[in-house]
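Structure in structure tokens, see below.
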Amino acid sequence: MASLKKSIRSAGNGVFIGLCFIATVLALAVLTVILWTLVVKGAGGVNLHVFTMSTPASGSEGGLLNAIVGSIIMCSIGMVIAVLFGVLAGTWLAEYGRNHWYAETVRFVNDILLSAPSVLVGLVVFEFLVVPFHGASALAGSVALALVAVPIITRTTEDVLKLQPSALRESGVALGTPLWTTIRQVLWKSAGAGILTGGLLAFARISGETAPLIFTAGGNQFFSLKLDHEMASLPTVIFNFALSAYDDLVRLAWTASLIVAVAVLAANILARTITRERRP
Amino acid sequence: MLKTIMAVAACATLALGAGSAAQATDISGAGATFPAPVYAKWAETYKAQTGTAVNYQAIGSGGGIKQIKAKTVEFGATDKPLKADELAASGLFQFPTVMGGVVPVINVPGVGPGQVRLTGALLGAIYLGEIKKWNDPHITAINKGVNLPGLPITVVHRSDGSGTSFVYTNYLALKNATWKAKVGASDSVEWPAGIGGKGNDGVAAVVKQTIGSIGYVEYAYAKQNHMTYTKLQAAAGGFVDPTAANFAAAASHGQWSAAQGFYLLLLDQPGANSWPITAATFILVYKQQPNAAVGSTILKFFDWAYKQGDPQAAQLDYVPLPANVKALVRKAWLDVKGPDGKPIYVSH
Amino acid sequence: MSAVDAAFVRRSPPKGAGFDPIFKWTCAFAATVLLASLTGIVIALAIGGAPAFAKFGFGFFTNSHWNPVTEVYGAEGPIVGTLISAILALIFSLPIAFGVAVFLVEFCPGPLRRPIGVAVELLAGIPSIVYGMWGLFVFAPLFAQYVQLPLMTAAPPGSIWDTLTQGTPNGANIFTASIILAIMILPYMAAVLRDLFLTVPVHLRESGYGMGSTTFEVITSITLPYVRRSAIGAVMLGLGRALGETMAVTFVIGNSHLLPKSLFDSGSTIASTIANEFNESTTDMHTASLIALGLVLFLITFVVLAIARALLGADKTA
């Protein structure tokens, strides 16, 4: 009887392990198929022109330089804003606000912002930053991206700080260190890897966002570094060219997709290398 | 690490902000997706020749109208022309640039491009869901000799608001009284039947994937994707193919000089070869330009396009405007005034 | 400078303590900015959508006709489409995400753990619009040919399966959209679940194994109860993303405003409707109705989170 029960248990466990394995294989298979599609359709278009020329009109020679540079600029500014506000807000929630009703409210608000459809973020930034200044701009696009990224960073920062042992805080207090020094020198440092991971998740998310940029940063056929003017980005180029009638532009859209995917992969691997080195 | 990233990014931001002030004034416009490829082509060549960048963003005709009214762009573009009273109310000036056609495309096994003939009234009935099968007597009656199967018809329409839908539903309303009464004409309507595809490409993809389907796309999409188009009955009674020559034929009959604010849909024009769903696309600028330099640059660019852009337009499957229409537009440009009350641009 | 020196000499309070309140208020300010952003969004949506609510009243929610020509807008179709597609996506995605997380934490050979983890997270890096293109041009045709058509022909006429599988066999439907959504939210849920499982103290799990428990039993009776609260948070994260996802859905859902009649019927979601029509809406009532839809989406998200929090309130010991 006992052995029957045991064999049922181990058989059940075997099925469970098998299902977990299948789930993982399935997830990896989907990734492989999508990346394979990107490589098949996009790799043929990768050449030097992609990195040295701006987006062409159909039938002309061209590349993605303006979009690549635009994406880097707007994502960087967006991330600077998002990290600044996100880390501070997350710190307040974890270290000061805690269970205060105001902290609970902010936490709830942050959860909703996390789920806020990015197309609405674009819409609202359009109303507040584009209409009053008479024109789409890279800066407005950056703000929209920052709004998408802030809740992710706030949440990660809070979660990671809460995981830090309270002994760290107590040791700071025992040494007579001001709390803000303890937070900066001890807590942020020990939570740094976790915050960085959150930052990279946020970066991955905004680097592929299309909807917030269409109304706010617009697109630009030409190379531009003006923050108060329209600026191209990889997702908007994909959006415009993927639905084009002309084969050469569609190919460029697939190439742009491949570049975004590769960039995100590289960012992920980079983050992990840093995380590994920093961990004791 | 975080600090380093932030410091680097902050420095880059400052450097870019400082560096950007030196460049020349550029022009930005936004609107219809239909003419975007040819505007991009013109802008590319124009920049190479003159150094002036005209940046056009394809966000849709409605978006173009909305943005020029909000003054977030220097010119708007639309496939759906504004009527004279609406232009007057918002102080806008409108002129056509290039033309194209809307083409019905089908996916019926064994049927090649140009084999099936349809009329506007039939198209309306199909889109109303009244005619449900390809071998319906109404269709076979004008398609003797074409082997049409008993497949159900799947209607495909645009899911997004679109100038293409505006032109197409106007044509259906013109030719089918039931359509006019029940559905009407707009850039997005409540479709009585069928499924939606996003953009011309979405419609093209759905039609390609669905056996027995019918959709409508801009000519460039039908041609570039080698889709099975249908013939349509022209106003004169004969059945015509969608070709650049037949769009031009339709355009040549347009009564532009009588059209206030150039409001003109080239639907069902007279002439044996006129493709019945032909349309121009339009530019919107303010009649009273706050900045003479900006306003004259816009008109200069389009004047350059009128003079030198026709071969590029034709290469991308657009139809250039007839010379007499261009002359009319150039004359009308004198109404666009600068802050000093004088015309900002005189073509010569 | 001298003031600081004086403070140092007196040795009380500790150096830099004066910045404590400044730092605290800076942090609190950052938190308030979050609150202000959301308030700004809600106010903008409420003001923008007010004309539509005023004109259609409650009918806005119960009318399934969305007609820009007659200017009558009813949002039942998009609202139902949003709920169905998001919930289906969650149903597809959760078991897979759970399986991946368990595999990574419990069984995965050490050297493979990192690469597989990165690979699954990479799914999150693929832009929404690429999913849309891939869904429309690669996945939907295959799905229509190898899943939808066989199911439609195999369903006995008149049975519930027949009703559920009605539609045009072209792959552009609510079911396809849900699968694409499921793929998109999978990496988020898998990554968070994995990280949660890793927070379970090793001694708890080891003691389970020490008592002779199988992996299945350790997961269900030790790991899951330990992370239950946060695990629901992970699921909510996924649901929220699925509710508001825009670009990918727009490509594959078929974009019909009518109430979907089957799983394989074309439909629309709130986000896809806004993305499709906002740029093109020229009448004020059309714009207002779209903004009102946006507010409805916010309210749905709000309700989902509020319910989750109410459920969680009971075991709030963590």
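Just so it is clear, A, B and C label the chains in written order, and each chain counts residues from 1 on its own.
Convention: a contact is a pair of C-beta atoms (placed from the backbone, for glycine too) under 8 Å apart; a residue touches a chain by one contact, two chains touch by 3 or more.
This structure is a prediction, so every number in the text was calculated from the model and none was measured.
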Key: Separate pieces, if any, that appear once chain A is removed in thought   = one piece
Task = Farthest from chain A by Cα centre, which chain is it? Let me know.
result = B
Query = Between A-C and B-C, which chain pair is linked by more C-beta pairs in contact?
reply = A-C
Message = Could you work out how far the Cα centre of chain B sits from that of chain C, in whole Å?
response = 36
Request  = Between chain A and chain C, tell me the centre distance in angstrom, where each centre is the average of that chain's C-alpha atoms.
outcome  = 15
Ask   = Mind pulling the chain B residues that touch 2 or more other chains?
value = 59, 198, 202
Inquiry  = Can you pull out the residues of chain A that are in contact with at least two other chains?
reply    = 84, 214, 242
Query = Which chain C residues sit where two or more other chains touch them?
reply = 279
Ask   = What part of chain A is in contact with chain B in the complex they form?
value = 56-60, 73, 76-77, 79-80, 83-84, 87, 130-131, 134-136, 188, 192, 195-196, 199, 214, 218-222, 224-230, 240, 242-247, 249, 274, 278
Note = Per the touch rule above, chain B residues touching chain A in the complex are 1-2, 5-6, 9-10, 12-13, 16-17, 19-20, 23, 26, 28, 30, 36-38, 40-44, 47, 53, 55-59, 70-73, 198-202, 218, 220-221, 223-225, 315-316
Key: List of chain C residues in touch with chain A within their complex   = 13-17, 19-20, 23-24, 26-35, 37-38, 40-41, 44-45, 48, 95-100, 102-104, 106-108, 114, 116, 118-131, 133-134, 138, 183, 186-187, 190-191, 199, 214-217, 219, 236-237, 239-241, 243-247, 270-271, 274-275, 278-279, 291, 294, 297-298, 301-302, 305, 309
For the chain A and chain C complex, residues of the former touching the latter = 9-10, 12-13, 16-17, 19-24, 26-28, 30-31, 33-34, 37-38, 84-86, 88-89, 91-93, 95-97, 102-103, 105-106, 108-121, 123-124, 127-128, 147, 150-151, 154, 163, 176-181, 183, 201, 204-205, 207-211, 214, 235, 238-239, 242, 253, 257, 260-261, 264-265, 267-269, 272
Remark   = chain B partner, complex, touching residues on chain C are 65-70, 136-137, 140-141, 144, 168-172, 250-251, 254-257, 266, 268, 276-277, 279-282
